[in-house]
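Got some structures for you, see below.
Each of the next two complexes has chain A plus one other chain: chain B in the first, chain C in the second.
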Partner chain A sequence: MQKSLHIDPEKCTGCLQCEMACSYENEGIFNPSKSRIKVFTFHDEGRFVPYTCTQCDEAWCMQACPVDAIVLNFVTGAKDILNDRCVGCKVCTIACPFGTVNYNTATGKVIKCDLCGGDPKCAEACPTSAITYIDANATGLERMRMWAAKTDTQVSTHA
Partner chain B sequence: MAWTKKILRVNLTDGVISAEPLNMEWAQQYLGQRGLATRYFVEEVDAQVDALSPDNKFIMATGPLTGTMASTGGRYSCITKSPLTGTIACSNSGGFFGAEMKNAGWDMIIFEGKSPTPVYLYVEDDQARLIPADDLWGKSVWATDEEIHKKHQDPQIRIACIGRAAESGNLFAAVVNDLHRAAGRSGVGTVLASKNVKAVALRGTRGVGNIKDMKRFIDTTFEHKKVLAANAVTGAGLPTYGTQVLMNVINELGALPTRNMREVRFEGAHSVSGEAMHEPRASDGKKNLTRNGGCFGCTIACGRISSVDRTHFSVKDKPQYWGNSGGLEYEAAWALGPDTGVDDLDALTYVNFLCNEDGLDPISFGSTVAAAMELFEDGVITTEQTGGIELKFGSAEALVKIAELTARGEGFGKEIGLGSKRLCEKYGRPELSMTVKGQEFPAYDPRGIQGMGLTYATSNRGACHLRSYTVSSEVLGIPIKTDPLATDGKPELVIAFQDATAAVDSSGLCIFSTFAWSLDNIAPQIDAACEGDWSVEKCAEVGARIWQLERDFNMRAGLTGADDTLPKRLLKDAANVGPAEGKVCDLGAMLPKYYELRGWTTEGQLTPETRQRYGLPS
Partner chain C sequence: MNYVIIGTGPAGVVAAETLRQREPTSAITLIGDEPELPYSRMAIPYHLIGDIAEEGTHLRKAPAHFERERIQHIQRHVTNIQANTHQLTLDDGSQLSFDRLLIATGSRAVRPPLPGMDLTGVTNCWTLADARRIIAKANAGDEVILMGAGFIGCIILEALAKRGVKLTVVEMENRMVPRMMDEQSGGLLKRWCEQQGVRVLTSTKVKSVSIAGEKLAVELDGQPAMQVDLLICATGVKPNIELAKGWLQTGHGILVNRRLQTSHPDIFAAGDVAEGRDFSTGDYSVQAIQPTAVEHGFIAATNMSGGNYLHQGSINMNVLDTMGLISASFGLWQGVENGESATLNDPEHYRYINLQFKGDRLVGANTLGMTQHIGALRGLIQNRTRLGKWKAHLMDNPSRFMEAYLQQRVA
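== the complex of A and B ==
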């Protein structure tokens, strides 16, 4: 079963455990500035929104890359960067409509979410389940369940 | 490891900025943050220094766990000599600023001297410079934050700054970071203002590494997050109600100081409680509380994010206050509410916004207003002094007006800015000031919670609950339940809490973690990260050493055992209702034993043996 990251901003408290987990997995150090997932604070509205690559099917970044350094991982469905191929031209960062591919000045390559090879560390670290890693075919299940619970069956049985 | 092992020294007088290595010998004795910065401070500053002179220094310090994945590891502290108390000041704050300092590669920033003109410090990893801030002087914290972000065109900068209160010489002005997190107490913001420093803006991209045993660190911090999640206080109470979970509990106990501590129970407590923040309001059906939020790395997330009712008199013509911002924590809610007799949740939330917007300690502010209200009701001050404000207990209008004035350092707000002690002395009624060593009380009446009496009297920074929160034991039963009305065993309890707290405050972790964690949980996390052996015993010993060092500084600064006391009202006037009815705080039954256990003379001075035992600097 293919899984995908599912983000529920309602639950997020803005603690950045996810950013630390991501940077630790990828850089071996706690460094939110190098995280592939970013949590945005909308102060006036009182909202925190985690945001990262959604692994589009027709991935613009992948299509734009002139050296085929971005490839589909058939197991996870992620679009992975091949570091030894990436030439740091940044075309993918322009192509991605969501801004989730970014250049890393320290390495001269780009970085993006690769689902940690199928075990995403942000989801593991999130204390509020704002990030979960679930069946890619049923990311709406929890919301459906919530509405299902609110559906009033009493009325029809007694009518 | 975990320390970056680097200090940034900023000489404001001549504008020279330099990097130096961290003294690792001291780090082994004092850990980090509160302890280690105090060690630097006592080495470099004469205890007799005038707090507002250029000879005072100001340190911002992180702990070894700041910026790591350990839950609550986002704290930093401001260490200086306090203009309010004349003691050591050490104010701790969360938010994201502390972690950013570590990410930029610094354990501490030491400010010395005084800049000839207003400046702010901008740090981007290794690069640090002072930038003119003449255009920012006179602006609020919120406006300054916005301006600096704009100027650098970088939304990721983290900023700590002072507001107009500090600039006006208010003696309890805070340093506010990330818009609504504050190093709140003892006037640390006032000291920064005296040095002409408006703000510190940081951007760190280097990350925090240097972990002694990374695998063990990840495992132990992960396990301990589970402990926080499973605990009733840190896993449910704090995220849901914040520290405001206490309002009704403490009121029930008859330990909620009311109307300048004349009474111990407030009839309007529920209206300003954590529960009330969850109730939909009549005007728009929204709750005061929008949601909870966490500081950097915190899996508890006690922070309140609130809004004020737009139809409320305080904001109805001020759309700039219609959005969300930092909401009421228990101490602030108490000082602004029960202590002034005001039971209007929206007024309190708005005033709390103002405290953040212009950098006021809401505890000292509320308590000083409460004292002023008593002076007003006794006819000692009149509308002549207040500029027409009917400063009566229970008046939300008066509270709001006086907050606006104090935040901006105008009118009678300037006198409120003296703090309760100086205000009451000025008007010849010193006994009305509810302070210890010049610092205002927080929200626990020591007649109903005796251990807190000893806590306040002996706190190294004047009245403060965060030096030994025995409420945990006396009220909540953490780690063991003790009788709040008993004095037996309290000296031991207070000492254990003081020492453990000093260690936690030096680690980078938040003291609220200790509702679920003891040193048994914390020491392994420090030990996995930091070189050296960090057993529970060593952490406790480091805590005790820090306590003695702070005390030693205060004694050199000219304080004596006579300062370890409480206002007469708490020692002589019995509680009027509740479980503590008929009781005063029996400090005399606890203090001598406390001195003895601390290794101090009957006058409260450190003995030579004690100094030697902890290896204090001579």
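== the complex of A and C ==
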């Protein structure tokens, strides 16, 4: 059963444990600016919104990559970046309409969520279960996908 | 079905793969006139820097990818298409027949009509063969003129600087990347390059090039003449429409409808050579960018094989790395009539963002020095998101675009 990240902003307290866990797991440092998950703060409403890649079906990043450096991980369903192929051209960072692929100036490559290979540290670190990693069809994945589909510019009537 | 695709860039390759996915038994032939495996021009700057070998530019990395997909790859130039008999002629005189044809011949680098532009010391920076010439001739201590500070000129600046050449950039317009960045950000880019030790002459024209012993003598308009080892011409590209001229409808590129079909029902066009629909304007134009080529290739192939996929239009967008300073443009970054715009300019830190609105919708953007979440600008434009109260927030501080993007989700 494929799993996906389920994010419930209502439960988020803005503690940033997820950002710390993500940057430590993936970059080896506790530095929220290197995190692939980002908590946005809406001061006026007193709300926090954790946000990262939904591993969308359209895979705009993967389609746009000119050097075959973003591939589908058949086990996790994530779209993984292969660092040895990525040249750092950044086309994926403008192609992703969700803004979840970012350029890392320190490495000259792009970074995005890869679900930590199936064991996402953000979910593990979240003390309030605002981020959970659960069966894809039991989550808001459909809702997230619907939301993702709103950005599809194309009318498809596949034959 | 017998499908033939002319052109081995991203549009042609994605089309071939899409056709194979949809039609396991059809014959698919991919014809390109370069003696290379299909590669990406986007990757050439990173090859010039030395980050990747030539293989690193290849569009597909799996060994024998095209054989495995049963896509026949022919390395020949197509000289002629005979639409009435559904045949085409290759440069060795052989004939090939097709049921449906895709023209994805891309574009080529052009040189301005000036004396001496055909000399051997002058090269473009467009193909892998050009890259080999530059690698051979642009090395430590060599004097190099880069003519044109457009997208290609800017993106190879870092490679040239890292190769240790003495570099002068000559741009006839008054700023860098005039077709992608506005005046303020283009000016910032110039200052940035100068600070990195690159000489940038804007509003300057090359008048002529001639041989001076081992070197090239370059006459400049309003500047002292120079003697250089290499002149790289990056003054623009134009669509390869010759095969279509005179019998298919053409403008700047080959005209296509929303199905990417040309004026001949069995012939489609995609990528840099096609005047496809622009998402922002609804008009048809040549965009010549990678994501558009990929969209075109997919849509054309779907429709060639019996689908009916209407192209809603591609968003014109670009991202550029000029010696480490990253700039991006989206949609109608030059603004619209009766539109509004918001700017945040921090020249000290080389940070700049300009947003263009029509009513309470974002229609275009320019950014400089920003690398985080910039794709959301595409999202906002493409969703035609009603910004509501966030319009005012963005007018105050345009760098809050990611929050504006998320508000539709938490609202």
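The rule is simple: the second predicted complex is superposed on the first by the 139 of 159 C-alpha atoms of A that agree within 3 Å, B and C clash if a C-alpha of one lies under 4 Å from a C-alpha of the other, contacts with A are read in each partner's own complex, and residues count from 1 in each chain.
Here is the rule we use: a residue touches a chain if its C-beta (ideal position, glycine included) is under 8 Å from a C-beta of that chain, and two chains touch if they have at least 3 such contacts.
These figures come from a predicted structure and were not determined experimentally.
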| item | value |
| --- | --- |
| First (chain B), second (chain C), both or neither touched by A:Cys56 | neither |
| Which superposed partner A:Leu72 touches (first chain B, second chain C, both, neither) | neither |
| Dominant contact partner of chain A by residue count, chain C or chain B | C |
| First, second, both or neither for A:Thr93, with chain B first and chain C second | second |
| Which of chain B and chain C A:Pro32 touches, first, second, both or neither | first |
| Doubly contacted residues of chain A, that is, touched by chain B and again by chain C | 45, 47 |
| Parts of chain A lying in touch with chain C, wherever the complex brings them together | 9, 38, 40, 42, 45, 47, 49, 51, 60, 63-64, 66-68, 85, 87-91, 93-105, 108, 147, 150-151, 153-159 |
| Partner chain A, residues of chain B touching it in the complex | 67-69, 71, 96, 99, 103, 156, 179, 204-209, 214, 218, 225, 229, 239, 290-299, 301, 303, 305-307, 323-325 |
| Chain A residues within the chain B interface of the complex | 13-17, 20-21, 23-24, 27-34, 43-48, 125, 127-128 |
| Touching residues on chain C, where the partner in the complex is chain A | 10, 14, 40, 42-43, 46, 51-52, 56-62, 279, 290-291, 294-295, 298-299, 302, 305-315, 317-319, 321, 324, 326, 328, 330, 371-379, 382-383, 402-403, 405-407, 409-410 |
